[in-house]
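Consider the two complexes below, in which chain A is the common component and chain B and chain C are the respective partners.
Take a look at the complex of A and B:
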């Protein structure tokens, strides 16, 4: 069993609904941070973290740069910045070129997290209409972390998780109703 | 274990010390995750086959080193980025500075100049451009050459025009440029009050006193110690009651200068309230 030090969840179109469904069922006793990277329009930041905060009693916050990463906290990547993780377990933000037409890019955060957490990282890729996140999962494979994908048959837009299953080695394919239980079992 | 990344963390440190010794560019205070990503990107772009080759080119080919600086630093920018920020400049900050006989603005990390031209447009519309000077600086000489040309991709103009309107602009944005094939060439009048110069925030000193300093999305690439050092440099370069503007995710909080600065409500703009 993996000793999870961080869970990173990425998604695009159709992923917000999944988060809203699973957050209420996530245990308050999880022993790791959850980092969320969701594609969205610019300038809607606080709205997303405020919305997610209504679904859980865990602390939900939008990432501040150089902030220390703490367990039992849900971090939301700010819009229009890439989110990176430093070896000293702080966040960095990066306003460089878009990746897969996206900023934040899920690939960027998955890859960065894989380098830092290696075998202790779990990444979950949700519904979405492009393949951002798939190369990130391949990096997670390389570092022998755990790669998870939403069951495409339960996804509003199945392209993203389907590409993940096609191109990366996925350790578990999860239906929406299985996710919270699976996440809780990582503690 | 598979080969995960062609550059290891140790090799990143080797390059940082090479570049400091060889060229005097000091990247030691840069955030490593972002720096390593830039190095890997360049390594891939230039189809390097080994770290040894990459290192050799950087250390022994000064033309390649120029490209290295260009590519390692992030030069993504846009005109009127974060329109709400420009609206605050237009409605509050600049009218206030307009009561001064002369306005000196420093754009630190100006990249290809989009912010400098945005600032010049604001000053012109407020009828302040004639008594202003915009010092636009960057570590990277190549982007400054571009900035001095005042030509930006025509394909961006729809987006910039929307930003401009959202920032409170009421003119026809296209009146500020001439379309020239795929480029928009901005009015020469806008750059009459711009001075472009290289300046390295890590190693260079204060060079003037300003009423307004903008440095947006530069500090995010620095570690905390270097951020504090650069904020101190800004403090030394800002007149009392002058304004300091940072990027949406940057702050003076936690830094030693914070007690001398009062934030303007919601934007990332601080006013220096005591020496």
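Take a look at the complex of A and C:
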């Protein structure tokens, strides 16, 4: 079993519904941070973090520039910035060009996290309508982290996890009802 | 009986978030990203409350609200005008809306606004 130092969850259309379902079942005793990168438009940041916070007793917060990454905390990527993880275990926010038409790009965060956490990283790609995140999972494969994908048959929009399964090496394909248990087992 | 809220906004993320929040609060929600055929949309659902965004495809929020407020069967339905525009109160007044909500807003403000109009 992997010694998980960080879990990064990426998703797009249909992923918020999954998060709402799994957050209440995630143990308060997890030993790692959960970093959430989902595509969305500007103007919903605080509302999203606030909504997620109603689903868990874990600390939920929107990432701030240079913020230190702490365990037992759920971090939400702000809209319109790429979210990068630095080697000193802080976040940085980047306003460079969109990747896969997306900012934040899931690929950018997965890749960045893979470089820092390598074999101690777990990345989960949820429902979505484009392939952002797939190259990130391939990078996770390269660093021998763990790559997870939502079972496409349980996804509102199956393209994103289906592409992941097609193109990356996926260690576990998870149904929505299996996710929280699996995440809890990583501690 | 569950009270119904109809939310008009071209930002689908706002629609999704508000739906999750207000369904949790016990309301039934319908959403639309367009003001096209506004009278038909509202007539077929007959909500207890409407949220109307300022920027909508087809006719804008002002014209859509005016259309609803001039319709004999729909004018009694309260309309909350919402926008990130600094002049949201003036826009709401021009539209003939019953009240307004500035974006961004938090969950408590949203729920209080709904409860104040149709709270159980």
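Assume the second predicted complex is superposed on the first by the 187 of 187 C-alpha atoms of A that agree within 3 Å, B and C clash if a C-alpha of one lies under 4 Å from a C-alpha of the other, contacts with A are read in each partner's own complex, and residues count from 1 in each chain.
Definition applied: a contact is a pair of C-beta atoms (placed from the backbone, for glycine too) under 8 Å apart; a residue touches a chain by one contact, two chains touch by 3 or more.
Keep in mind it's a predicted model, so treat the numbers as computed, not measured.
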item	value
Side-by-side fit of chain B and chain C on chain A, or clash	fit
Which of chain B and chain C A:40 touches, first, second, both or neither	second
First, second, both or neither for A:16, with chain B first and chain C second	second
Chain A residues touched - chain C or chain B, whichever exceeds	B
Partner chain(s) touched by A:78 [first = chain B, second = chain C, both, neither]	first
Touched partner set for A:135, first chain B, second chain C, both or neither	neither
Partner chain(s) touched by A:54 [first = chain B, second = chain C, both, neither]	second
Minimum Cα separation, chain C to chain B, after superposition on A (Å)	5
Intersection of chain A interface sets (partners chain B, chain C)	43
Interface residues, chain A side, partner chain B - complex	43, 64-66, 78, 81, 84-87, 92-97, 108, 112, 115-116, 139, 142-144
Residues on chain C engaged by chain A in the complex (per definition of touch)	11-14, 16-17, 20-21, 24, 84, 103-107
For the chain B and chain A complex, residues of the former touching the latter	1-2, 4-5, 9, 31-34, 37-38, 74, 76, 82, 217, 220-221, 223-224, 227, 247-251
Touch list for chain A against partner chain C, complex	16-17, 20, 40-41, 43-48, 50-51, 54
